[in-house]
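Report on the following structure.
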Amino acid sequence: MDGLQALVDDIRREIATQTERGRVADYIPQLAAVDPGHFGIAITTVDGQEYVAGEADTAFSIQSVSKVFTLTLALGMVGDRLWNRVGREPSGTPFNSIVQLEREQGKPRNPFINAGAIAVADVLLAGHQPKEAIGEIVQFVRFLAGDDTIVIDDKVAHSETETGFRNVALAQFMRSFGKLDHPAEHVLGVYFHHCALAMTCRQLSRAGLFLAAGGRSPATGGTVVSPGRARRINALMLTCGHYDGSGDFAYRVGLPGKSGVGGGILVVAPGKASITVWSPGLNENGNSLLGSLALEMLAQRTGWSIFGA
Amino acid sequence: MDGLQALVDDIRREIATQTERGRVADYIPQLAAVDPGHFGIAITTVDGQEYVAGEADTAFSIQSVSKVFTLTLALGMVGDRLWNRVGREPSGTPFNSIVQLEREQGKPRNPFINAGAIAVADVLLAGHQPKEAIGEIVQFVRFLAGDDTIVIDDKVAHSETETGFRNVALAQFMRSFGKLDHPAEHVLGVYFHHCALAMTCRQLSRAGLFLAAGGRSPATGGTVVSPGRARRINALMLTCGHYDGSGDFAYRVGLPGKSGVGGGILVVAPGKASITVWSPGLNENGNSLLGSLALEMLAQRTGWSIFGA
Amino acid sequence: MDGLQALVDDIRREIATQTERGRVADYIPQLAAVDPGHFGIAITTVDGQEYVAGEADTAFSIQSVSKVFTLTLALGMVGDRLWNRVGREPSGTPFNSIVQLEREQGKPRNPFINAGAIAVADVLLAGHQPKEAIGEIVQFVRFLAGDDTIVIDDKVAHSETETGFRNVALAQFMRSFGKLDHPAEHVLGVYFHHCALAMTCRQLSRAGLFLAAGGRSPATGGTVVSPGRARRINALMLTCGHYDGSGDFAYRVGLPGKSGVGGGILVVAPGKASITVWSPGLNENGNSLLGSLALEMLAQRTGWSIFGA
Amino acid sequence: MDGLQALVDDIRREIATQTERGRVADYIPQLAAVDPGHFGIAITTVDGQEYVAGEADTAFSIQSVSKVFTLTLALGMVGDRLWNRVGREPSGTPFNSIVQLEREQGKPRNPFINAGAIAVADVLLAGHQPKEAIGEIVQFVRFLAGDDTIVIDDKVAHSETETGFRNVALAQFMRSFGKLDHPAEHVLGVYFHHCALAMTCRQLSRAGLFLAAGGRSPATGGTVVSPGRARRINALMLTCGHYDGSGDFAYRVGLPGKSGVGGGILVVAPGKASITVWSPGLNENGNSLLGSLALEMLAQRTGWSIFGA
């Protein structure tokens, strides 16, 4: 697939010509300070090849992309019982909406909106102190990426803790419905920290490759999850991975993916490759504007859309 | 693919053993009178083979499955301008909710909820009398299925017209926001009639085959839509095709599909086949209970999920 | 109370100096064409005195003020059973919101929002053709005002019928919940016609006087409603009479009242007088901007607030 | 008014015969443990007479009744600027709903729902430590009641702090919109403490008497608030004092009042008296079931309804 190197180079060049780059997330200083001009892309194929362009080795805050990994961990711990805690439906509302939580008595609609990921963090705390749970998440991501240098950006985690009032409200609200087993402070500690993981496009593509490879980790040959679970996680990414822009992303790109407000998007082309793009400017739904565009180009030129013949 | 005949036979047998069959839609007498014991399944492969079991040649009311065909027609008429009239996001609410319409000033979330299909019907009325628009829809479905015997069940259409107060409310509500170009009565006339199309599993599978075949009609060799449009319609079916159970259907079945309250579901396995199942009992989201289960079996045993490696 | 004549003259003069007059309702041509410069005020005391200023004898479209009279009639017909059909709570949403109707399964929050008045009109249709029900309402208002010249403005009623899509949606929506006994067209016919009553400030004050006089009609000496019912209607006007501005009106004016989008407001000072003001420009809640201000002045200078010592 | 003693005795007797007493609030152990059989009533007239029956001298947790006093204090501090922080409209939703806060960007609908009282507590913290603000509130209530023995029940305050997750969510949610000036913990500290004031019917009636007496404290002869402010606080109590049962209370009782989940209700008959009832069992809106009934009897027999002739 030599064409893929030319493809990522092309995409990088075309993205560089774009003048409208979206708005960088500004709710914490660490994200607000990021230059919107960054762009990186990395493709990791299931046969182990890598094709990168732009700043593919610059770490950024993966934010909500981390929810794919905590979901995988939680499913490994409690299996389908997870769905007693959180639904599997698109939310139809912004990522941090509290309205739906009231209507559904504290049960979040899916594991990728903030409330849902907070519920998942609560599951990961079972039998653990927050520090341990955070440690397990970091170890898991390092294992998936085959890279022990991956760390949490403590400044980001600290800023989120200081200013994440909306997430505190979500957690306390779920607590008020008896839907959290642990103190909201502990749960949020886990949540804010895993969102603060700093990774590069290359690392993130490697870490997500098992979802493209039927649940196996091509690097180690080991099984991360069963093929069925990999399929189902992909299905959740497709229907719920981009907040209230999930339908649009499926329509335009046609691949399961998960975005983060740091501007990263991890995408899975089942049987073919995992792909990560990074461009910090966001669209009105909180997803990377140019990252989405780059992936639309990629899907069009590779024909990797899961909806095609 | 001889295995497919054994597969549909197996599925029919296993479905026959199920005791919980869901609730038949009862808002009009014609649907309420349907025996919940019916079951049919038909697979049409892109190379023209057909595999059927059960009552695959018994006509049923396709109801909302027809929205796939009216969407295809409307996209053919106005292209992407359609998206000024209707969104592309899952709704997060029941199929006939009016709440979201108020929040979004009369613009429906997607073309598959009732309000969205009403907006699509309004588009199809451009330059036409209601009768003509209905005629065009019937002609299009006959052409797709290669079967001129397909007709609208007038009793069903009439009953809907008599009792579809909620849909009247949706249409009048959109009208109050200036979002309909034609009188609500005309738009609803078109909507109620296309929902009353009576088709068999075999006919419906044939009619939907172009979506599995990159937009071509394998029977005639002609192009119905471009490959890109077929992909995008499939994406919409995946994210929005089953009302507030779309996420669950994607999770369990992993194929784009569209359900109707008559108990039919049309599903697309891109590059492989179109499939239709019919079982009149519905689950709490208004989708065929055993039809969903049959498709879950089929996806599992064929490995056709679009989310798999 | 000779001071009252000076008071209404003063108020008229002060209102004339106001430059910000609000926005005239523009959803039908008949209302849109009304000059925002009109102003009238009439006080009718329980001992039969009248004090007027400005255009107190010019007829205007009373619109929702008519809901006080239809409520009174319906309570006379079915008594407290009315409250099975409609609630008694402020709505917390705009006058024509449909959201609450969905949450509460088609039961309107109170008889003064549009949906509630539509439910009341349905009650008034029992045993009647629409024309008869409308005739009874007109007769009742004429009787209350002691004035047989009061008529419905047919052009207004016709325009509402032509363009009142939102109200049609409300009625059909209630019908879909089984909450209307009669065809939506009939119910709306009654509703649109009573809203189109044309009355002067003087006529409206006279017609509302029974609510200030413990249920008696001071002119005839007859009893319109019991003292308890008069009190309770007044309570409903206080909590629900001004849509989502009811709290503000109670805070500023402190008297039970009912407003209409024609710019009229009928107000009751229990034991003292009924008052009507008319100024066509509306505030953001759909209540007369200068009419509210005039009543605030009046309440302040008379000390008639029901909340005072 | 010797009849008043007979009246309260009668009411006490009739209430004692009621078998349906409502449900005691059970979200904290201190309230859950209260015997639903308690009943007390106290009338304090503006000329200084007191009429009591039942357990009028037993202290109970006044809970939300305290919001009348904090509102009065806050208006004294910042005047009408308070209305930039909180609205004056009935909410149309339960007392602790978070939905409306999202729709209105963190501005509560009125000062008597939980979110609104939290905003008022934030105002009271200006220039103060939480302990000082709490101290001022206690001093103010002691001054109004002329009774230095009134204290906060620390166990109740502590329990609320431990389990009031919903209120924490409300405060954090408002904080996320930038609508609180102080840390949520401080604001909630003030809020939970003033709700934990323990008072008797007699003390509460005395403390609320200024609202019936045009703002003056009949005991001391001093002015607490201006007559206009007393009127306006009464208006707020009428439209918003009983959560989503405010309309019903106005309809049945016809007097401004404020209820608390401890089962107390303070009511104002302008120019005549303040009245307090206490019966711990609540109706479905969170207001004292038998307390409301007792007040309905009282209003009926005294003719004190503000809506009457």
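Labels A, B, C and D are assigned to the chains in the order they are written; within every chain, residues are numbered from 1.
Going forward, a contact is a pair of C-beta atoms (placed from the backbone, for glycine too) under 8 Å apart; a residue touches a chain by one contact, two chains touch by 3 or more.
Fair warning: this is a prediction, and the values are worked out from it, not measured in the lab.
Participant: Strictly by the touch rule at the top, which chains does chain C share as contacts with chain D?
Facilitator: Shared contacts of chain C and chain D: no chain.
Participant: If you average the CA coordinates per chain, which chain's centre is most distant from that of chain D?
Facilitator: Centre of mass proxy via C-alpha means gives B as farthest from chain D.
Participant: What rotation angle, rounded to the nearest 5 degrees, superposes the C-alpha atoms of chain A onto those of its identical copy chain B?
Facilitator: Chain A sits rotated relative to chain B by 180 degrees.
Participant: Could you state the distance in Å from the CA-based centre of chain A to that of chain B?
Facilitator: Each chain's C-alpha centroid was found; their separation is 32 Å.
Participant: If you average the Cα atoms of chain A and of chain D to get two centres, how far apart are those centres in Å?
Facilitator: 47
Participant: Calculate how many whole Å lie between the centre of chain B and the centre of chain D, each centre taken as the average of the chain's C-alpha atoms.
Facilitator: Using C-alpha averages as centres, the distance is 55 Å.
Participant: Using the touch definition from the top, which residues of chain A touch two or more other chains?
Facilitator: Counting only residues that touch two or more other chains, chain A contributes none.
Participant: Let me make sure I understand the interfaces: which chain pairs count as touching?
Facilitator: The list of touching pairs comes to A-B, A-D, B-C, C-D.
Participant: What residues on chain A touch chain D, complex-wise?
Facilitator: Interface residues on the chain A side: 97-99, 101-103, 165-166, 168-173, 175-176, 184.
Participant: Enumerate the contact residues on chain A facing chain B in the complex.
Facilitator: 46, 87-93, 100, 109-110, 212-215, 227-228, 230-232, 234-236, 238-240, 244-248, 250-251, 254, 256, 270-271, 300, 305-309
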